[in-house]
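In order of appearance the chains are A, B, C and D, and numbering begins at 1 in each one.
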Amino acid sequence: MSKPLCVIIGVGPKNGAAFAARFNDAGYRIALLSRSTSFSEELASSLSDARCYVCDVSDPASVASAFSQLHADMGDVDVLIYNAGGGSWQTVEEITPDDFERSWRVNALGALVASQQIIPAMKQRGSGIIIMVGATASLRGRPKTTGFAAAKAAQRSLAQSMAKHLGPSGIHVSLLIIDGSIASAESAEAGRGERLDPRDIAELAHYLTTQPKSAWSFEVDVRPSKESW
Amino acid sequence: MSKPLCVIIGVGPKNGAAFAARFNDAGYRIALLSRSTSFSEELASSLSDARCYVCDVSDPASVASAFSQLHADMGDVDVLIYNAGGGSWQTVEEITPDDFERSWRVNALGALVASQQIIPAMKQRGSGIIIMVGATASLRGRPKTTGFAAAKAAQRSLAQSMAKHLGPSGIHVSLLIIDGSIASAESAEAGRGERLDPRDIAELAHYLTTQPKSAWSFEVDVRPSKESW
Amino acid sequence: MSKPLCVIIGVGPKNGAAFAARFNDAGYRIALLSRSTSFSEELASSLSDARCYVCDVSDPASVASAFSQLHADMGDVDVLIYNAGGGSWQTVEEITPDDFERSWRVNALGALVASQQIIPAMKQRGSGIIIMVGATASLRGRPKTTGFAAAKAAQRSLAQSMAKHLGPSGIHVSLLIIDGSIASAESAEAGRGERLDPRDIAELAHYLTTQPKSAWSFEVDVRPSKESW
Amino acid sequence: MSKPLCVIIGVGPKNGAAFAARFNDAGYRIALLSRSTSFSEELASSLSDARCYVCDVSDPASVASAFSQLHADMGDVDVLIYNAGGGSWQTVEEITPDDFERSWRVNALGALVASQQIIPAMKQRGSGIIIMVGATASLRGRPKTTGFAAAKAAQRSLAQSMAKHLGPSGIHVSLLIIDGSIASAESAEAGRGERLDPRDIAELAHYLTTQPKSAWSFEVDVRPSKESW
């Protein structure tokens, strides 16, 4: 039996690398999708069975093309982690329509398009899980999160619609609400509960993939113990 | 002293017409912005002092151009009602990226761009109100609201960021959560509490414009008495 | 035709007095219910047609007794404003079970019992409105709102259950989410948008009583323009 | 080194038994607290190291007494699972103040009082976890959940206040939002994703106890894959 396949979209040295390491340890083959492969190639070399793909999540054609190649190379996807994100830190007076659109493309549109690449096969097999990485901004807007929070709110709503629609077909959709700043993996601040450790976020994501159909979680928040919230 | 100016974006025979009539009765001059003026011209003829502008809210340049002309013709805006909306009724399996984008452009991007046209003048005067028309979908996604709910969630988050940022400058931002189907203005169903009467939604919007700085409402839901929720 | 009757429970010099004055101006007879009548008697003397009743909202028997007398004296109730509230400012380590219970009795149990006194008559007539005064604590708990927030959350849930159940019978239930500190009625801070003016909160409550069955609001937040939220 | 101690309050044949079995398997000693020990004694006999205590969670003195005995017998508590719950299924017109109070005592007051018994020792050691078992009713009230939802809303708010206050002291507080009906442990319905399997809910609770301080979850929902929500 072949090893299952985990696709990670948005691969940086914190969460992305931690997701890759955790699912690698759990026996998954890993596909890393990112705008540039300069970091992902280095990360892939530390994993047992990983491949890198260039993918601009803000461009549906780029997403479709990356998944087409990935599917030809590695087959059906078992776990999709949508970790692409980010956005500008601007008030309504400062943000341009282009910045606002870019946040939405990276956080919401890309999540839709990536999911659409794998839903048909997951549905046919009656299994699979899609995990989106959200933030406290998914739940509320603040003066300087005009673009980021609006995009994360759209992503959260999308994830809800998907979870409700796909659950009965055996496809599990979850949203992580990351609350707090993320430390480097080796940081002592994480150990003291002052910042999030990306390895522990990855552990949570992996846990969600082990949930059977009789008990699925959709929305899970996560923060360091000393976070003020 | 000149009459105050109310701009209504998204002008149909239900809410749009009711907003126009209510603010006309309250002594406002009215600017009606819509993709086509076929309905708005007819509506304007029933009002004391109204002008129509063509505006495609999904296109920032069209919004900027409409407001530029409107400002030259009618001066500073006192009340902006963002009533443009709508979206397709599709699951994640059915919706195309273009449909998903169109929903977002009409419900969220257009609300940002329209607001940006008038915020500088409102800020300088230290007053003004922006009312966005949301829906129950602003609060949650359902299987067939993939595009609409994600767009309305983005709009709600945008409205929150704006309200928090602009409040201290004297600009009031509110979101109406419309829950239930809207009757024609003369429908007996509204009188029985089975459907929303657009005139009563307009009354609520007008009430919000009368709130002094000491007591502003941001989010207000509204539904017929017999709605199941 | 006799003047309608507004019952206000919880009568202090800020919100309670403002509700009384606003509904007095609108032509209502007023019943003032409070633990002691030392303030309410003085307030009543400034109103056209008001009576005072002693009522300890934490005690169901006291509530039932006050309403029984009130009904005998003044007849059926058209508007009930449940303004009793308050609670201690303590963490989970500091609060006693008795303090926790007292908060719940004043904010939640009292609201249930008072409502139950008037629902049968309102249902028979097919009209009436019950407005509960909540707070930001209705929506979330904080370290030092252990008792107050838990009680306000219970009250909010109660109000939701009531609104959904009673709406089809023509009884409107609303919850005000008061966010921010309340000034004295004449305070300049309210005029500058730094604090809430109780007269403007009362205006909002009165507005809600004017909503027809075709457009009822359940939950409405209200805060001063300069509030940070 | 002695085995850690898990206290389970509210012990029925579904969730309670599943929590006990899961923590037993993980090497915990188990204390079972319930109104009557008829079921818990039988359950305890299937566990390696378990004791039963009579505890009426609606009575603070009974809770204090049970914990006092439990502490003398078994020492400090590492994990507390507050699984006591339930309530009547009544509208605002049907529920009595006593039913309303009973729901609140079982779901909210008991959770406070039980937590207060163990917080001082947990704080001194800088570790420990308290898991409360909530429901969809924790998030909203419906016509027939007048008492249950108000009580669960109070419990949720309490859990939030506790989590925010106790986190910096090393005490983890979590709330499970159980959405859907719970099958018997061996039911085929659970395997098909039609109902919740209590063993999988227990697995989730156990997972939460393994989260390090760098990544704690507060609120986690859980439902069967085919649940309509």
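To be clear about the criterion, a residue touches a chain if its C-beta (ideal position, glycine included) is under 8 Å from a C-beta of that chain, and two chains touch if they have at least 3 such contacts.
If you're wondering where the values come from, they're calculated on a predicted model, not measured in any experiment.
Asker: Walk from chain B over to chain D along touching chains and report the minimum step count.
Answerer: 2
Asker: Write the angle of the rotation needed to overlay chain A on chain B, where the fit uses Cα atoms and the result is rounded to the nearest 5°.
Answerer: 180
Asker: Is it true that over half of the residue numbers where chain C touches chain D are used by both copies, so same, or is it different?
Answerer: Both copies, chain C as well as chain D, present the same residues to each other, with over half of the numbers appearing on both sides.
Asker: Copy of B-C's interface among A-B, C-D or A-D, judged by over half the contact pairs being the same?
Answerer: Residue-number overlap above half with B-C among A-B, C-D or A-D: A-D.
Asker: Centroid of chain A to centroid of chain D, CA atoms only: how many Å?
Answerer: From the centre of chain A to the centre of chain D is 31 Å.
Asker: In angstrom, rounded to a whole number, how far apart do the mean CA points of chain A and chain C lie?
Answerer: Centre-to-centre distance between chain A and chain C: 45 Å.
Asker: Which positions in chain C touch two or more other chains at once?
Answerer: If we look for residues of chain C contacting two or more partner chains, we find 164.
Asker: Chains as vertices, touching pairs as edges: which of line, ring, star, complete or other describes this one?
Answerer: ring
Asker: In the complex formed with chain C, which residues of chain B make contact?
Answerer: These residues of chain B touch chain C: 164, 167-168, 170, 172, 183, 190-193, 195-197, 200-201, 203-204, 207, 211-229.
Asker: So in the complex, the part of chain D that touches chain C is made up of which residues?
Answerer: 60, 91-93, 95, 97, 100-101, 104, 108-109, 112-113, 115-116, 119-120, 123, 137, 140-146, 149-162, 164-166
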